[in-house]
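These are the structures in question, set out in turn.
Shared chain: chain A. Partners: chain B in the first complex, chain C in the second.
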Partner chain A sequence: MTIEQEFPDLTQWPVLQGALAYWGQTLLILVLLGLGVASFRDIIIRFQDTLSSRGFMAAMVGLPIAILGGILGTVRSLAVGLLEIVALPLGIRRVWAIARLAIQESIRRRVLYVLLLFLVPFLFAGWYLPKAEEGQLLYLVGFTNTTIGWLLLPMVLFVVGMSIPNDLKSRTIQTVVTKPIRRIEFIVGRVLGFMIVFTIVILVMGGVSLAYIYYQVSDQVLRDQWTARVPVYAKVEDPNSSPFYFIKQGVAGLAGTNVGREWNYRSHIEGDTPDEVRWFFTFNPKQFAGVDRTKVGMTFDVFKTTKGNPTRDEDESSGVWASLDFIDLQNPQNKFDRAFRVNNNRLTEITIPTSVLSSGQVLVRAQCVTRNQYIGMAKHDLFLLAREQSFEWNFIKGLITLWLKMLFLTSVAVSASTVLNGFVTVIFTIGAYVVGLVHNFLMEVAGGKILGGGPIESLVRLVTQMNQQADIEQGFIRSVINIFDPILTRFLAAVGAVVPDLSTIETAEYVASGFDIPSWLMMRNALLVVGYVIPVIIVGYFLFRGRETAA
Partner chain B sequence: MGAGEVVVEARNLTKIYRDFWGRKKVEALRSLSMTVERGEIFGLLGPNGSGKTTTIKLLLGLLFPTSGDALVLGKGADDVNKFEKIGYLPEESYLYKFLSAEETLEFYGRLFNMSRAERRRRSAALIEQVGLNHARKRLVKEYSKGMARRIGLAQALINDPEVVFLDEPTSGLDPIGTREMKDLILDLRAKGKTIVMCSHLLADVQDVCDRVAILHQGELKEYGRVSDLLEIQDLTEVRARGLSDSAKERIREIIAGDGATLESMGHPSTTLEDLFLRIVRESQAHPGRRYLPERSSEKADPASVSDQR
Partner chain C sequence: MNKARRRKVQYLVSMVVLFTLMIWVGRSLDTMQRRLQISQESLGRVNPVSGTAQLVLGGFRGVAVTLLWHQAQDLQKQGRFFEIEPIVKSITLLQPHFYSPWEFQSWNFAFNIAAEWEGVRDKYYWIEKGIDFMKAATETNRSKSDLEWYVGYMYFTRFGQSDEKRYLRELFRNDEDLDFVQSQSGVKDNYLVAYDWFTRANGTVLSQNIPPKRMAPHPFLCRPALSRSYYAETLADEGSFGPRIGEGWQLAYRDWVQFGLLGGKDRSKDLLFRLEYSPSEMEALTPEEKHWRYHYNRMVKYDHWKIRCQTEALPELQSAREAIFQANKARESGAYAKSLEFFEKGLPLWRGVMEKTEEYREDMLFKEDCQLMEDDYLRLLAHVGRSTPVRRPFDGLVPPLRDSLASQVQKSADEIKDLVKGQLEGAEPPKAPSPDTPAP
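Showing the complex of A and B:
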């Protein structure tokens, strides 16, 4: 379990306030942009009308009036629209009517048969289950989450994406919109109805998965890993100082010795030298009260410079050893030290007396004991285990993440389907989903951080089998690349700026490695998705309002 | 008819269909101006593609006018509140096929923010009224065209509307259904509702409409009271029952003496619709018996006399 990126603590109100203000600004820009586009279209149509009926001169003379009329018309339409959005709670019965309809449609069209399809992979999953205890839970949680996700995806795409286009095609929409229902109620009702169906599907699939995992894993795994640890990480109150640093040859710094690992998440300290790593912990001591001994977890990396297996189980004296000192900062006499053999890249747990944590301010110093070997550490590699939550609840929290993803896709599909036909909606939504998944890569390509250049350049390299570093000679191809790649990468950056990074809301790894999904992460994910869903629905609403339902 | 209060109004209503680039494709409706008053049955007449349905859709906000105004109960196209008092039966009953008749009416009732009790009461009464009691639990997809039409009408009336728009109300109905639909339309007028219907079945329009507008290629060609539009001023019709041959002869003489021309004199035929309905009624009263027309009552047959001045 590695935490490479740290996120602002959204439980802190000022941080949240800042985020909300930023979100509000973005929404405002979006509204103004939409206003501009709508006005422009209106103006063009007015201009063309005069052009065709009264000729060019009249159209030019009438242009200012057309512009004014276009802007006023759009502003008025926007105002009416915003009023309808604000009045949404008044139409809750109508929203519910539409939601019920979506549920009935899903049931009567036998969408829930997908649940049977879901059982098929389970018949064969056991064949590939690793025998070793270590990977079992990881494999099973990964497997069930992936299965649920990939079965829900086509369901969202086809059921949701085809729904409104079907209504338009069969013209049933005409009997609906000639009732006193607002378009926003229609859209929200649809999203709500489908989400109720997906919630049921996720709950059923999740329940089956949990039972399946429970009966598949070995007793050993149930004893050791069937849990959700709540770790307390190094933290200091002062935002200007780091709670984690290295001391290398007497100098403090954020990195230790570079041993040449490509992944620079961890930095190393050399064995049998005074070099050390320090973590500062500030926490509420009450969360450790009531028990004599507290667990401390670590995931360290071993880098060895001599031959042989450093972590041979059968030989006690082999391996790489580390020593830890726990010092109460309020009372330096109150301390505890312990040496232990490091599991390479695997969780090592030791227990310490809880008394050393009594003040709520603790310094932990780590040193590598074994000569000529190195140990790599990062801020989140050592943590105190406050308490453990149930694995089941954590699994459900993992499902909530999945649910959030489906919420995003559902609202994108519903909004897109108000103007696109069913097939195009499906393609559009798949596009949004894929961009969300490869967001990181996309932004790196857009930012020029990937070797091999932009889309055209990499296409040329691919076709001509040229390696990524070689220079492309000056000439026609180079000119084409120079002209089009900047345009395409800007386009990619724009797309990336609109679509959320869906890979960052992933939480399955927490569940699989037995760590409680932190509440701040759940909150951030929820805010991220809701922050997207609201504008997406509003955009869908305005598109739908501007659309003739009988064409 | 009508208390003079205007409930539906089109002012210079124009609809131009455009292509993707906003260029003009078809001018479906050209500067239509007309009014419908409270309590009358108004018919929009015209051949296919004349703009009848476009007019209704513009009035209902299903299409947006290119210019002009479409007002219903004084409210424009984007005012959703007007739908509280409007009922609409589209050309074909566009209903959710996976719902039953009861669920359909429940659903539309919810859209009017009706309470549960009111929805139940209204939908039970309407299902009874359109004669679908035996099929209330069946899914709409299993319905025949006529049944779908009836449940379509029921959904249009779920809110007890003041103004009802009917697009080809008798299309797809058998003669009995057509007659029932026409009776129902007249019944609605008796209850003070305003009805706007469009049709190309002229007989239906003639039977029920108070006023009509005749459209052709998007333009209004004729507009007024049906009785005024259809009356032939210089023809006189006399209908009598039990007239003797000698009396008929005397009438001929009078006409000739007056210097007018006798156009025709004979026995009028009934309409096929009337005959069909009589047969069905007879058959229901006496199952298994073949229909016997009243041939023997030759002398009781009405005779009609028409003359021309």
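Showing the complex of A and C:
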């Protein structure tokens, strides 16, 4: 299990407080920005009205009044809107009524048929998925998650995206808006109703998937991998120091020897030298109490500079060896060491006496023992196993991630559909989703970190079949690129700043690798999505308020 | 007729016309496909999932394949090898008859990814994956002789030629997946399975009478004979002596002759230039034909292999090889007296074969084997304090190893000297700047 990106632990109150304060500030800026735009629009309308009815001079004289009126009008409108939002809990019955309508509409539009469609891939998946025990869970979890995701996506797009525009077109919306119902209640009710339907669909699909995975995996996988390990990773209290570092030729640093691997997740140490890797663990020792021995898991990379002589028995069976020292930092006499053959890129588990963990502060040192060979390690490559939880619960946590994605899409689609027509809403929502998925790439393009330049330059290279490194000669094309690429990359950066990075909320790998999805990741994902959904709904509400629905 | 009804009738008529046209166009396309052998079923096995995937993606097939390819490359960089397989399968489902992905990825599994693993069992697993993948390619792309040839080549090289061959071949023999390890002759041996696949590839080439794409016909078509030869040779190297080796060499000889009889003398018409001729036919060859016979013979060492197969099949050479194998084994374990006994049994037998087969005696590899063997024996005698015999075991047949090495060193030194001298003489002396040369 590799963890390339760490997020602040939002389960800790001070961290959460900071995050909420930042989110609040952003929301405030958004509100002020909205206020500014709306006021400006109002002022222009007032100015134009006077201009067309009483002439230019009167309009100029009346401008200060128009400005004042515009600002006051918008503030009033905003205040009313905000009051409606704050008063939302009072209208919970009306919200529920709208939600029920949305549920009925979904069922009427045969959304539940997707459950039948969902069974089709399962009929054939067994033929095409690899059967080997290694990686079996990875394939199966990956397959079920992808299938659920890809079936739900069009459902959300077409059912949600088309819903309000269809109501507007057929004017059935008038039967709703003429009732004593607030527009925020209408929007929230819609989102709620659709999400109830999607939750049912996800639960059914998840249940079928779990049963399918259970009956597909071999007995050995059920015995060894059907779990959710709760690991304790290296951690220190001081945020300015690293709990993991290398010592190379007597000097401490965050990297060891570079052996030339393209993926620089791990760094290596050379065998039969004093070079070593250190992990510092600070944890609550109570979680290990009550057992004599504790499991330690590790996944290291082996880089061999010589094959040895593979025709000799002893060389083949010897492999690459590492030694591990566990030292209790409170009582350095209390220690334990162990040498073992490294199983290249596979999770290896050893047991250590729990007594060495008694103080809650442990240093682990690793060295490569075999001459001329290297071992690669990263911070999350070694962990203490606190406990194991059920695979099923972890799978459900994985489904919650999927649910969060659907919540994001539903809110975007509902809000967008208040002003856009159905088909445009679908395109807009697909756009938001794709941008969310390729967010990282987009930001790299916007930041000029991708070879081959910005959008226009890439297009030129693509069409002229030019490689990414070659210079484009000075001339007309180069000038066009120089003018438009900076504009387009700034636009991309702006789009990237608005849409969340949906690729970072993925949790399927945790489930498939048999690791518990950490609570801080669940919290972070939930806050990320909810933090987006609230402003999206608010924006949707104000847009809907400004829209004429009466004929 | 009112306007709406007229429009409906127009639509109906257009639909009927278009559908009729479609049927006609479809039929003619179908006939054309069959004639050019580019219809799904004439290209290879028809896969319903593959067909559906292609249909659903339509024009986005290429985009999807590119994205999947990138994903597979990224996963490989991150060492997430087990996740690559389903992605690669998806690529081949989308483009089943584009055989570069099949070829690239099966090589990737069997060579690159296998090399990333440290244990031999892991390497074996990925070699097997690569080969199975290439086999699937041969089913989906019928009549592609190159793919069939590569299956044989991977069995041949990955299990038989790599550094870990001893372990890999052992794992191969103990593998219970008979579809993968059993040859048509019923023996579990990588060279014999390779033989079956090379023979199949040859069958495809010869039946279509189209030369292979990636290779000249001679090295391509000689592979079945080469596999049989290596099979017999490897058995002896591994110490599995018995009648199987002699039979193996005899069968290999038959295969070489069969290969030599393929083709003809007309290079513009025949698939390959024939190599096997009776003495009278050989006499009758024109100088140009002789030149090409010499050229292609050198390309695949045809004469060498024929002589070698004939000689190695001799029972006395097998006895000699067995004795020398035992001598080396005893020497490595420190049983010097026993080793010398085996040497003294094996070397005269070996000499007898050499005296009988003048042609093979001149073979460089055979000569080297003799010299090394003789040197081992003489050094062992000196080591145990026994006097060296008055006459070397191969006296009069091959020069001693040390003389050969000394003469080789001398030859190389002379060559270097000539080269340096030539360069010094050939180089122009540096010119003195002329007074008219303008300042830079």
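In this text, the second predicted complex is superposed on the first by the 541 of 551 C-alpha atoms of A that agree within 3 Å, B and C clash if a C-alpha of one lies under 4 Å from a C-alpha of the other, contacts with A are read in each partner's own complex, and residues count from 1 in each chain.
Here is the rule we use: contacts are C-beta pairs under 8 Å (C-beta built on N, C-alpha and C of every residue); 3 or more make two chains touch, one makes a residue touch a chain.
Since we're looking at a predicted model, the values are computed, not measured.
Look at chain A after the overlay: chain B and chain C fit there side by side. Once the two complexes are laid over each other on the shared chain, residue contacts for A:Pro243 go to neither chain B nor chain C. By the document's definition of touching, of the two partners only chain C reaches A:Glu262; chain B does not. Looking at the shared chain after the overlay, A:Gly34 reaches neither chain B nor chain C. Of the two partner chains, chain C is the only one touched by A:Asp301; chain B is not. In the superposed model, B is the one of chain B and chain C that contacts more residues of chain A. Residue contacts after overlaying the shared chain place A:Leu129 against chain C, while chain B stays out of touching range. When the shared chain is aligned, chain C comes close enough to touch A:Asn344, but chain B does not.
Looking at the shared chain after the overlay, A:Gly452 reaches neither chain B nor chain C.
Put simply, the three-chain overlay gives an angle of 130° at chain A, taking C-alpha centres for chain B and chain C and rounding to the nearest 10. Nearest C-alpha atoms belonging to chain B and chain C sit 25 Å apart in the superposition, given in whole angstrom.
Partner chain C is touched in their complex by these residues of chain A: 2, 124, 127-130, 132, 134-135, 138-139, 142-143, 261-263, 265, 301-302, 304, 307, 310-311, 316, 319-320, 342-345. The touching residues of chain B, when paired with chain A in their complex, are 17-18, 22-24, 57, 60-64, 66-67, 78, 80-84, 86, 88, 90, 92, 94-99, 103, 107-108, 110-113, 139, 152, 155, 159.
Considering their complex, residues 49, 77-79, 82-83, 85-86, 89, 93, 116-120, 122, 125, 163-164, 166-167 of chain C touch chain A. Of all residues in chain A, those touching chain B in their complex are 41, 44-45, 48-49, 52, 77, 80, 84, 91, 93-94, 96-97, 100-101, 104-105, 108-109, 170-182, 545, 548-551.
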